[in-house]
Amino acid sequence: MVLARIEGNVVASRKHPSFQAWRLLICQPISPAGEPEGSPLVAIDAHGAGLHQQVIISSDGAAARAAVGDPKSPARWMVIGIVDEPETGAPA
Amino acid sequence: MVLARIEGNVVASRKHPSFQAWRLLICQPISPAGEPEGSPLVAIDAHGAGLHQQVIISSDGAAARAAVGDPKSPARWMVIGIVDEPETGAPA
Amino acid sequence: MVLARIEGNVVASRKHPSFQAWRLLICQPISPAGEPEGSPLVAIDAHGAGLHQQVIISSDGAAARAAVGDPKSPARWMVIGIVDEPETGAPA
Amino acid sequence: MVLARIEGNVVASRKHPSFQAWRLLICQPISPAGEPEGSPLVAIDAHGAGLHQQVIISSDGAAARAAVGDPKSPARWMVIGIVDEPETGAPA
Amino acid sequence: MVLARIEGNVVASRKHPSFQAWRLLICQPISPAGEPEGSPLVAIDAHGAGLHQQVIISSDGAAARAAVGDPKSPARWMVIGIVDEPETGAPA
């Protein structure tokens, strides 16, 4: 699981049918301080994340396939939470 | 899932039989701005992506094995969508 | 499995229900000398790791799903041990 | 799947028994132009790749375990094709 | 699978019970020339690798879970061979 910021979305008319009803978000992994870290990833999202919002994404394929409702979908990354605010102080 | 640009294809006469009818595309991961990000990957493609086109690729092995029709294929990365145009504005 | 240091935690009101009772820790992979190595990861934790503590984290999804008790959870990284002290001498 | 060049092989007398009859090749991922890209990987090979030859390698564990004939083998990367010549022109 | 050098081990009193009888080795991925390549990994070892020895490690979770004898273990990386000497000449 990775902390990331939504940078936009990808429009693809020709795509695997399992993605038909899904937005494909460009997610830039970031540090706790908000700096870009590594390469962007493309994720599906059921939480309604907005542009520039910070999110947590997971590469779990089984959960992504369950989310799109197609056990043969090539879906892998998905938004699993929307960050209220990152805390860098002591864990509660 | 990763945003990438098609850089060419690989010709391999000796290869795993499950790839016999498949093109092996060299896909360069890119940023939303089109800059190269990280190492190139080799993917199969059922969508007919052309040279320099932007695509979304997935590392999901189960879906790739289903695509080539061989449950023992070592296929992993595959093109799952062809990008119309990358949007960096607000997700719809 | 990766050696990492706890850098803080992420608060997400909207998230996958399987994470409801779990802290989401920001884990910075480090070298044996304690230097940051690569991008931070977000992990669940059942061991009670504190801020700045060194931990071992694993990307094993099956174990993470078992930990949260939801076979459809997208959980992947989790704290699997808290480091007493890193030894760089001969393995015992 | 990754484009790589064979840099040599590793000799290991003590190893998992599933690798007994297999060469362990050091594979350097490369760009289409032949430049090193990222860290080297160790792969098994059933195709007879020679030193400095360009190959395609896959991280698919299921296929590697099938290749060595041991469902409990820790094998992951394997050579799945030997490149005739990399084409950087239009895909056929 | 990755070529690595043993840099030490990690002592963790609080850890997943499946690791109770196992050493947790810090493994630095290296190039064939012995230069560090990428971030260190933590692996279990049944072969008795010593400090500074070169090893091959695999991320295969199924094999690691079988090794520790716990199908719910979060174990992933493990030493699968101890290198006699790396050869950079022609594969035999």
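Chains here go by letter, A, B, C, D and E, matching the order in which they are written, and residues are numbered from 1 within each.
Heads up, the rule we're going with is that a residue touches a chain if its C-beta (ideal position, glycine included) is under 8 Å from a C-beta of that chain, and two chains touch if they have at least 3 such contacts.
If you're wondering where the values come from, they're calculated on a predicted model, not measured in any experiment.
J.: Which contact partners do chain A and chain D have in common?
T.: Chains that touch both chain A and chain D, as defined above, are B.
J.: Which chains does chain A share as contact partners with chain C?
T.: none
J.: Can you give the shortest number of steps from chain C to chain E, where adjacent chains in the path must touch?
T.: Graph distance in the chain contact network comes out at 1.
J.: Report, in degrees rounded to the nearest 5, the angle of the rotation taking chain A onto chain E when the C-alpha atoms are fitted.
T.: 145
J.: Centre to centre, by mean C-alpha position, how many angstrom separate chain B and chain C?
T.: About 31 Å separates the centre of chain B from that of chain C.
J.: What is the distance in Å between the mean C-alpha positions of chain D and chain E?
T.: That pair's centroid distance is 19 Å.
J.: Two-or-more-chain contact residues of chain C, please, as numbers and ranges.
T.: In chain C, residues 38 touch at least two other chains, as defined above.
J.: Beginning with chain A and moving on to chain B, name the chains as they sit around the ring.
T.: A, B, D, E, C
J.: Using the touch definition up top, name the residues of chain B that touch chain D in the complex.
T.: Listed in rising order, the residues are 6-16, 19, 23-26, 38-43, 49-51, 61, 72-77.
J.: Spell out the part of chain E that touches chain D in their complex, as residue ranges.
T.: Contact set of chain E toward chain D: 1-3, 29, 31-32, 37-38, 47, 56, 58-60, 62-64, 66, 78, 80-92.
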